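Should a chain be cited, it is by its letter among A, B, C, D, E and F, assigned in written order, with residues numbered from 1 in that chain.
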Amino acid sequence: MDMIADILTGFVAQMQKPTLAFLIGGMVLAACGSKLEIPEPVYKFIVFLLLMKVGLGAGISVREANLFELAVPAVAAAMVGIAIVLFGGQTLARLRGVTQMDAMATAGLFGAVSASTLAAGMAMLDEEGIAYEGFIGALYPFMDIAALVTAIVLARLSAERKAAAQISTQPGGAAVLAGGGGHGAGNAQMVRGILVDTFRSAAISALLLGLALGILARPDSVYESFYDILFRGLLSILMLIMGMEAWSRLSELRRVAHAYVAYGLLAPLVHGALGFAAGLLVHQMTGFSGGGVVLLAVMAASSSDISGPPTLRGALPEANPSAYVGTSTGLGTPVAILSIPLWIVLADMLIGV
Amino acid sequence: MYQATKIVIITERTVLDGVTRLIEQGGATGYTHVEAGGKGSRGIRSANRPGLSGVMANVKIEAIVRDKAKAEAIITAVSETYFRNYSGIAYVEPVEILRPHKFDV
Amino acid sequence: MYQATKIVIITERTVLDGVTRLIEQGGATGYTHVEAGGKGSRGIRSANRPGLSGVMANVKIEAIVRDKAKAEAIITAVSETYFRNYSGIAYVEPVEILRPHKFDV
Amino acid sequence: MDMIADILTGFVAQMQKPTLAFLIGGMVLAACGSKLEIPEPVYKFIVFLLLMKVGLGAGISVREANLFELAVPAVAAAMVGIAIVLFGGQTLARLRGVTQMDAMATAGLFGAVSASTLAAGMAMLDEEGIAYEGFIGALYPFMDIAALVTAIVLARLSAERKAAAQISTQPGGAAVLAGGGGHGAGNAQMVRGILVDTFRSAAISALLLGLALGILARPDSVYESFYDILFRGLLSILMLIMGMEAWSRLSELRRVAHAYVAYGLLAPLVHGALGFAAGLLVHQMTGFSGGGVVLLAVMAASSSDISGPPTLRGALPEANPSAYVGTSTGLGTPVAILSIPLWIVLADMLIGV
Amino acid sequence: MYQATKIVIITERTVLDGVTRLIEQGGATGYTHVEAGGKGSRGIRSANRPGLSGVMANVKIEAIVRDKAKAEAIITAVSETYFRNYSGIAYVEPVEILRPHKFDV
Amino acid sequence: MDMIADILTGFVAQMQKPTLAFLIGGMVLAACGSKLEIPEPVYKFIVFLLLMKVGLGAGISVREANLFELAVPAVAAAMVGIAIVLFGGQTLARLRGVTQMDAMATAGLFGAVSASTLAAGMAMLDEEGIAYEGFIGALYPFMDIAALVTAIVLARLSAERKAAAQISTQPGGAAVLAGGGGHGAGNAQMVRGILVDTFRSAAISALLLGLALGILARPDSVYESFYDILFRGLLSILMLIMGMEAWSRLSELRRVAHAYVAYGLLAPLVHGALGFAAGLLVHQMTGFSGGGVVLLAVMAASSSDISGPPTLRGALPEANPSAYVGTSTGLGTPVAILSIPLWIVLADMLIGV
């Protein structure tokens, strides 16, 4: 009982923290039909600045980190990304009204990572004065890319299997693949194509740029005097946008199966728990901090909102974007952000932060 | 003034590159595109608020070709390649041009 | 290829929602709009610098309908509802479409 | 004599203060035909940030304010907004070449409030080190909404009276109402519709969001480390934009009656005096600060530049936007901003600041 | 419905003012323009990424005139004045309008 | 040998400095095909803020500067601008595949000044703690305008001479001048037209606005609390954009003569040396600082990227923009930025900084 009371008290106090309050504020605005708009170029720029801040910060820390302390959580992050996709693809595809293709696309998006949610997690740890490894941002691409590649490869393979089955039964049929072209030219080449696309996406390339500059150049002064200073304020605006966006995407879900609503509400919690468990393991092995465990859970709970959707739209054109974008942006992201305090309280209780 | 045909394709912004490739392969000497919003069978799409990911934005692509058969071949190719999985419409219009050599390959 | 009619309406951005409602009520299956600037009897309007309030921006709205009578009914309704108080023009063009079912209600 | 000299000296010194200097700089640039442009998305974002700063600041202060100290100036603000519309509608409609509809729309815009002008007033008080109530921003919606609603209701009622008169004299005529539809369905419903529209407008909803977050959440740290810090700099850019905009809207006035020029030049001073007087009254009743009196005058003198015009365009389609937007943006706003020092000097002389 | 002619000019954004001046001088009562990207003989131009200087952006300008001869005179004038040194295309289309007085000077 | 080693060591260390690292990062991103985009409105706003910072800073310093110390480097800057155009027009026009018109346009762009490159120079001097005259930004328009006007006038005159020659040999031919019109109406008027156009261009008018406000108003507090604070961070983003832009413009050069590649690579160094020499002269005459000499070299080495191209496109429509924009943005600008450390090392060796 005490534990639940503790969690509840902590939770309520967290809702007043700027990060969550701005998210909720955005949802309320959209629900009231407000005409407030943050222009798209401004939104893109804010996301870019946050990604650079996360990347630069991680890069600067990586310089001093030792390889083992880095490699273990990186492997764990990739594993969690893959596990989410395997598990999500299985569960979701079994539910009524969900095609195999749509299930994999949705699971891919939920396995991938949202930079905004991760940034919100960092800001909330900072507010609480909880320490975490500086290099945490460097784990982002491992989980993100692993999840997207797994989802796309599995979806394409199953589509090819289905097409092959149809060809053998319906003589004369042709397996036409829209758009991308050449997906049949060998799995290695397919994986290579997906990897190239993912690395070129706006979010991953901004993060990797920040990482590279942090490691190779000496951006410490501009990082501290600009990126880090603007971080909290820009994040508050981003939370507002995500709240408005979530509300307006919810309506997309009316046109798809109910299964998506259940998945969008529960998956962030299940995935977060998986990430949390992986974090505890890493904590045992390398002394990974409590804050680090929280952020691994936050990454796992989050679903990609910027780079994931266009990557999936290009690679899995048969999947319905209303289903996966609606589930992820409309439900997954707000649930993931609102559950950040949960992981903080949990980590505090289990290993202290 | 010379007779020519204008092809118009309105579709998802994510496939702009693929569609223009088909237009060029079909023998057009150029094309023009503008950002667009709209509504069709797959719901509202907007150039200004395409959602955080940009997956919900439209683009309107136009190309002028001298030969009507070529025009039909291009929009048929675009339709077959994209319109099963991507939302979009395509149509042609008769136009009159001034400098025919601009539109000959 | 099938005959159809394209309606084009260029008017103030503030009435975009009202105009598209009339278009849908008139039986079109969809519409497309782009930001526009321009000049007419009520002076210069700009998509890029619509003034601080956005009241001076234009939008160009297009809709394709199969039936020409329907097209005329829609632009007549738009004209009567809006063009006394809002600036704007409207016209129709013949077009040819590929997939007629897309434009049938 | 001494008093006038004092006012003049103060005035000249004020012109060199960044806020006014950037406004004048913008007008000079536009007059010289400069091609400098601040992109629209940037402009919208700056306005949003200023509104949030005003709203958050007010919300944080409201938490500690007592109800009476808050309610008295709020009622005064609403009264001033209504008085400006009643008085302005009367005066302007009598002048040559001005229709009843255009008069009400223009008076509504001048009764409403400009966030930029209010922010300029705050910045100038800050520069002078003059204190004012933190909750002042919370008065904005009272004056703004009261003015817009009064103007629209009066204009619609008079249009209906006219239409009714025409119908009774011209049998067979029909009263077609453009756009909105259903304005005749009872006044209560009309007022409700206008209120909903106004609350949903970008400016009011950003301000109310800031207020709500300030009151209900704990945004103090992000307010101080971001919104408040960027305030002065962003305001300087906004003043530049307003100066350029004012100059380019002036030309619209060439096509409308001379009466608008007179109104645009004099109304801000008359309205400001009205607001000042109301402020003095509140000062007597609740000990409202001299800075507060100045800001009430500034709000009254200002005319709405962002949310007002589209609200009026939607609700009063028969009114000519060139007339009301030209008068307000081209003349009203620069005059209101340039006269801020006047209220400061006056307040200093009358009650000390 | 009344017959009229729509002129369309797609060219470099830097000459928008000059082209619209020719359109007005040619007797059109108004014009509409939208930002555009595209590709032609002089390479790719983009409305969104026109390069740092904006020299590589396109604009699409439309004007409706009642008289076809007038339309041809306008696009001939634009062609001769600009298309030797600036990239661009021009064409005309038949349209039908509702309120003919809007397009009479 | 020691000197070369010194230069090399200094050079390598400089590449790690944020300014250059972000430029190189941008080039690498574009080369990898990244889809990262900084939206155009954001880019325009950043350039505006940098120009205001340079202008305001210079204006505030000019207030205290004495006329002689200001006039001498201003004259030198204008001379350098003119010399670059004369020399460049001669050299380039002689090379294979380069028309007289294209040569003058390219030389005009390289004679003109890039605000971003100048800002990068200032940031790098700041990082090194090297002092320079505060009014340096005021020299920008002298070099920039002198170069553009010289290039356009010479190109127009030579085009008229050619047209006149054709008319006398081909009876019946007509000298049609596209666009601008009236270029034949006397050289004085032509120069006046070019000057007006240049002053109205976005970059020059933002800089002059900053200068005027710095001299006439009292913007010191907002300068320090906003423009100056954001300077370094915004510059880092601008460098990223310029890097991406440079790479994507390089491809334009494939369609023009090889001569442009040579010019784009070498001209910044030659022009920088010319500016450096002029700076040394000014140093002898007025005690101009070592940092000032460096910045004069940087301005000379730079080529205009914002206002120059549209000005030239309007005034010299016959010139091919792929040639001059490609050469300047694709090669000239990155070479000029990357060679900033060279001038710092040189100045340190020759006169101490």
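Note that a contact is a pair of C-beta atoms (placed from the backbone, for glycine too) under 8 Å apart; a residue touches a chain by one contact, two chains touch by 3 or more.
Listed by chain with UniProt protein names: A, D, F = Sodium-dependent bicarbonate transport family permease; B, C, E = Nitrogen regulatory protein P-II.
Here the structure is a predicted model, which is why all the values come from computation and not from measurement.
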Neighbouring chains shared between subunit B and subunit D, ordered by label: A, C
Touching both subunit E and subunit F (chains): none
Interface residue identity across copies subunit B, subunit E - same or different by half: different
Selected pair, greater C-beta contact count between A-F and A-B: A-F
Most remote chain, CA-based centroid, reference being subunit C: F
Separation of subunit C from subunit D, taking each centre as the mean of its C-alpha atoms, in whole Å: 34
Centroid distance [mean C-alpha coordinates] between subunit E and subunit D, Å: 40
Cα-centroid distance, subunit A relative to subunit E, in whole angstrom: 46
Contacts with 2+ other chains: residues of subunit C: 34-35, 48, 93-94
Residues of subunit A engaged with two or more neighbouring chains: 37, 39-42, 230
Full enumeration of touching chain pairs: A-B, A-D, A-F, B-C, B-E, C-D, C-E, D-F, E-F
Residue ranges of subunit C touching subunit D (in the complex, touch as defined): 12, 14-15, 18, 42-43, 48-56, 80-82, 84-86
Residues of subunit F that touch subunit D when the two form their complex: 39-42, 44-45, 48, 196, 199-202, 205-206, 209, 212-213, 216-219, 221-222, 225-227, 230
Interface residues, subunit E side, partner subunit B - complex: 8, 10, 34-41, 47-48, 58, 60, 72, 75-76, 79, 83, 89-94
List of subunit E residues in touch with subunit C within their complex: 1, 4, 6, 20, 24, 29-35, 64, 93-99, 102-103
Parts of subunit A lying in touch with subunit B, wherever the complex brings them together: 37, 40, 43, 176, 178-179, 241-242, 245, 249, 252, 255, 305-310, 313-314, 317-318, 321-322, 325, 329
